[in-house]
């Protein structure tokens, strides 16, 4: 058997090598059109393989994709996103010959058709529909003042906006990048599809990377800003919420938020619509489909194409100079975006924590807020709420903050969508 | 806490008020471009809010949307449609600034992409696929003569056509409006997408409103036309139907109806295809998906966008005069459509009832038809069949008409699709 | 009752007959525009019916569609495909008047929108995603050398390519037709959508027909080529495969195959992506949706539209001569494709069987391969693997080959996708 | 293509014609279906009887059918009662689509750990 | 439409303005929501109390609520424990996605009451 | 891009070349996969053995594997019997919409009979 396989492999390698040394091409040129068709064929084959145009940058990106998948499987970090995105990164970085309708940026290719929904911002609202249909807003309704923490954490967005401007980004790019600080994937993708489509890949990947790393990023900031004594604050258990309140919530939320920030309509309209389907009690089959098949299908396609859009090298003609410039993923822009992303998560966390401390200045004893739950205002649902819970348990093993942390956690989603809407209002 | 929130609210209100009094704008104009950026920003923000361009008409429509949702949740009237449509009405009537790709009529907006399937008539056939995959045509197969009642009730369609012409509609508009009398949402939406796209919203909402009100509309007409004695007629229980007959039904139905009325192909082709998937016994997984995920996804998107297409005010330039005319929902056209809709349901019901009475003239004693089931020919499945059952029970608590009523009920679906096909044949 | 129905039927027949004898038309012409509107209407109605333009060819195709459905239901031959395709054939061959946006080839029709995904090759990769999410590659991983059989069976592809050239097809058409020999529906549809879109229908139907007939085609070739003694060869049970190997398989497979044959990216990328979703263990809900709702929805739409694309007669203007030529299904091209299809399945089977015998020349006693499983290399999963099993049992009722046959069976899928990629490399 | 009437300058006679022809065609289609389904059991039974004949009196014909029909009627009644109840009930228990499925971990790890989707 | 700033020649004052206004609007929206949801139970309870009054002391008010809240907290805890466990478990048994689902009520109330989809 | 041959005026030598190269590439791809999967268990076992060594003789190596394989074969046999039965049965009871679901028969009859999707 081994002999056998060996023979074939050697044959194959010979082909490849002959092509590699360019002799085939040479031969084809000299020998004319009719003769030398084998060498010609091998040459064409070789040119089409990924090996012929491979570059260390592509291999680097493939390694990144594999690393994402490793993180997802080994540590269970956001697997529903990191697995599709990681696979997408690999697929998007197979070196291709252009003109054969395969690559994601080539019109008429399958990936390009699937990417359409990302580019036009159609997928994120559908994801929000599903999220609305699976989210229970009870904890927010029962203790509305905690929503302020979700607003405060948007400091991450606006701080990053200033930071991105300082780092030299164009103003719309800066706005798109700033939404990473909202720690909501669909919102970030939607905003960048409108404000800076060429950065969708980088922004999405930064957002999801840091969302996966929330358990690593937040605890040190908590240690820095929240005293031992504050950590021990126990909060009253939230009151139960009636069915009617749950039904009214999406309706009131919809009308109120959209009147103030209509640009958030695609995101918040769908979020509240999904929640109404869930809470109305008469449309369960629609809610069920929205939070299973529909969100899954969109997640698969969105994750894969967002990943595939991170082509390492993408030579485009500069409209001014006429030179070919690399507008791919591995450029200084992406690196800056990753730096800003880390910054934005830190600022958002600090914003939530500090605001909780400020709130406590105004609140009576026994009614105070445990500052730890402020960190949950960044959203990254539910990872940051869990971090708050775990840090709370470290200080007092009987102090369960999860229920309380869900309120800022969920309101952070609304806050980021509103922030993204404002950015679009000002800059589109 | 209260103090705290108050401070913030007052700040917000101050912003809003300052913008409201137009001083911001004034200031921005006088102070030049570089200074006054805060006033300028507030002004831009204000202009984007729904408050700046709100009109009592939008509020009225939002109230209508809320009322639909109330009906659905409180009285369980067609909740799978009224909840999405109602939410859509609200979303479609948030007053928007144009040019930001948010509204349903703006190219490139998410709602516009989702609305595409309505405008091109793609969603209704997919709904029919799902309906076919969940409908049992047994009662119709076992007692085929009852299909005549489903044909007779199409009097509602043709009567409304004449009525709409008399009320001054353009001829294609009249044809689209007439299909309301078919009491089938997808058929009405499909026909109006082809014949009068600007009326899709009004027609769909009229159709679904009256379908929800069938239990209110039909009983008085029954009282008027069906005597006590006729109500007591008992019908023979239908015979059992073999599996083979159930398989042959969609195939024969498909070929026969489409040869006579090919324009009904998208609707009836899909209906019978779905039914074949269900009855073949070898494609259950496809039938299962068609009647769950697929129909649910389409229902969500269709309901939402049809609702959102009812923008109260929509100023379009008149091609002739060049003036800006309101082509939105709140125009005399919509009101006339609602009047015609009520008329069409009444005529359809009467058509079914009277035809049943005529049939009885030709039928032998013991074989007669209870005229009440004629009303089920309007379709509005299964609401009108249930009305027949309930009215039958009032006269004789042991006379269950439901099984019998399902035959005209289901054949009414086929009848309306054929009627819509004929209209398109003549007028497209 | 009978009397009653009779009256109506006679009325209807009278209409039809009057139209049929052309008198209506005549009358309409002579009587002017305002009078004679009834005759005119009947004439228009008649012209729209399928009866007016029916041709024996359409009826023949409808019979073919019914026959497919019969095979699926009666013999359970590939019902998930033959039922939708059969129904599609019927729907596509209802004779239509053009210009009313009904037919699959008319822009703006519902069928045309659904067909878009076939024409652009979007559906086949999504099908492969689902297949990846339901396929267990264990048997291939545990005995990798059996993959060679899946490669050998691609002789069917390349043999058919030569055959199709000999029969006078244009070179790209020949390449598209050759992929029938891969015995994988989605691959064949994808390749023909790129290489010869006008043959999608014929190629798809040939591929699925012969895949359904694999239990009929393969045994005689096995009898011819495999001796009784060879059939008795028992193979060692395959070793168990670890979870890690299963996770690594799609990743390594993805990178390796796509580097060598990037044109297979849409198909193999999706196949391995689906398999990774399945095997990663952390994305089960995505894998579940991919192998249920998603693949079902695509299967329904793909099957229906591929079937409907087989319009018997389709008159198109010849670009050169300006004559109207029939480019429909019932042309000599389709017949040749069916002949080549049968040939390709036979060659592929022979290729697999003979290669297994050649392998045995190199293998030690006790390690030999039962040549029967070579036939499974054609893929047509899992039909051909079952044929190998059944033939094996005939010779020795204790010799279960199914597990072993799955390895070439599954690797045949990869082999065909690579072959299709090469064809596209050379000829696009 | 073949426009029947002038869309701008129609006359009432055209309208009535469309109505008449349209309504008749609807009847035509359904009457044809009626005939087919009246004939079908006859044809099928004929074939069946032919193949069953040697075996004996397997089919009891219409009576047996009516029995099955009674069962149907009973089912229908229970259904109607079920629906009535459902409709008048204030807190309708329409809920049961429960996929026993904990909907675990959606998008962006939005598990919303505290969501009790299945109330 | 109404561009606030020159996208090419922006000034830092513009950036800070956007930041200030934007952050304030986010607060504005959520503060309004807070007021609404602070008021809502008051309004609802008022209506309820009015309709319940003749019947007697049916509601025990806030205390009863807190009990339910404790239950919530317990659920939350068990959830967190569950998730933690899940995360550290190597072979997670996440599988259970079964639908038990009666398929009731389709489109336009097309319940087709008599359809016995689940035979 | 790089057209190998003139699509209009091709020669048979081109056709044979495409065939030869194409078929070889298919083999090349699968042969490479074979080498990888021949090597993989060696590499993985090596790593495992290194980490297990201090713990003792945990792995019994190939023999243990073959046992698992026998189980597979048994499953395969029962499956084949099951499918045979199903196919020859006249009124196949395939009906039961149970998605409890063996995910049977996907696309192009890809039952992948041995796939144990529901682990």
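Letters A, B, C, D, E and F mark the chains in the order given here, with residues in each chain numbered from 1 onward.
Here is the rule we go by: a residue touches a chain if its C-beta (ideal position, glycine included) is under 8 Å from a C-beta of that chain, and two chains touch if they have at least 3 such contacts.
For clarity, every value in this text was computed on a predicted model and none was experimentally measured.
*Asks:* Match interface A-F to one of C-D, A-E or B-D, accepting only the pair for which over half of the contact pairs are the same residue numbers.
*Replies:* C-D
*Asks:* Averaging each chain's C-alpha atoms to get its centre, pick out the one most distant from chain F.
*Replies:* The chain lying farthest from chain F is B.
*Asks:* Report the pair of chains linked by the most C-beta pairs in contact.
*Replies:* Looking at every pair of chains, the most contacts join C-F.
*Asks:* For chain A versus chain D, what separation do you get between their C-alpha means, in angstrom?
*Replies:* Centres of chain A and chain D (C-alpha means) sit 45 Å apart.
*Asks:* Indicate the whole-number Å distance between the mean C-alpha point of chain A and the mean C-alpha point of chain E.
*Replies:* So the centre of chain A lies 22 Å away from the centre of chain E.
*Asks:* Counting in whole Å, what is the centre-to-centre distance of chain C and chain F, each centre being its mean C-alpha position?
*Replies:* Between these chains, centre-to-centre, one finds 21 Å.
*Asks:* Using the touch rule from the top of the page, what residues of chain A touch 2 or more other chains?
*Replies:* 5, 41, 44-45, 76, 79-80, 97, 100, 138-139, 145, 148, 260-261, 281-282, 285, 288, 292-293, 299, 386, 402-403, 422, 426
*Asks:* Using the touch definition from the top, which residues of chain F touch two or more other chains?
*Replies:* 4-5, 18, 21, 25, 27-28, 31-32, 34, 92, 94-97, 99, 101, 105
*Asks:* Please name which positions on chain E make contact with chain A in the complex.
*Replies:* Its residues touching chain A are 4-5, 7, 10, 12, 15-16, 18-19, 21-23, 25-34, 36-38, 40-41, 44, 62, 64-66, 68-70, 72-73, 76-77, 79-80, 83, 86-87, 92, 103-105.
*Asks:* Quick one: which bits of chain B touch chain A in the complex? Just the residue numbers, please.
*Replies:* Per the stated touch rule, the residues are 1, 3-5, 41, 44-45, 48-51, 54, 62, 66, 69, 72-73, 76, 79-80, 83-84, 87, 90-91, 94-97, 100-102, 108-111, 113-114, 292-293, 296-297, 299-300, 304.
*Asks:* Spell out the part of chain B that touches chain E in their complex, as residue ranges.
*Replies:* The touching residues are 5, 8-9, 11-12, 15, 33-34, 37-38, 40-42, 44-45, 47, 77-78, 80-81, 97-100, 127, 130-131, 134-136, 138-139, 184-186, 208, 211-212, 278, 288, 291-292, 295, 299, 380-383, 385-386, 402-403, 406, 410.
*Asks:* Tell me, which parts of chain F touch chain A in their complex?
*Replies:* Per the stated touch rule, the residues are 1-2, 4-6, 11, 13-14, 17-18, 20-21, 24-25, 27-28, 31-32, 34-35.
*Asks:* Which residues of chain A touch chain B once you look at their complex with the stated criterion?
*Replies:* Per the touch definition, chain A meets chain B at residues 120-122, 125, 129, 145, 148, 194, 247, 251, 254-255, 258-263, 265-266, 269, 272-273, 276-277, 280-283, 285-286, 288-290, 292-294, 359, 362-363, 367, 422, 424-426, 428.
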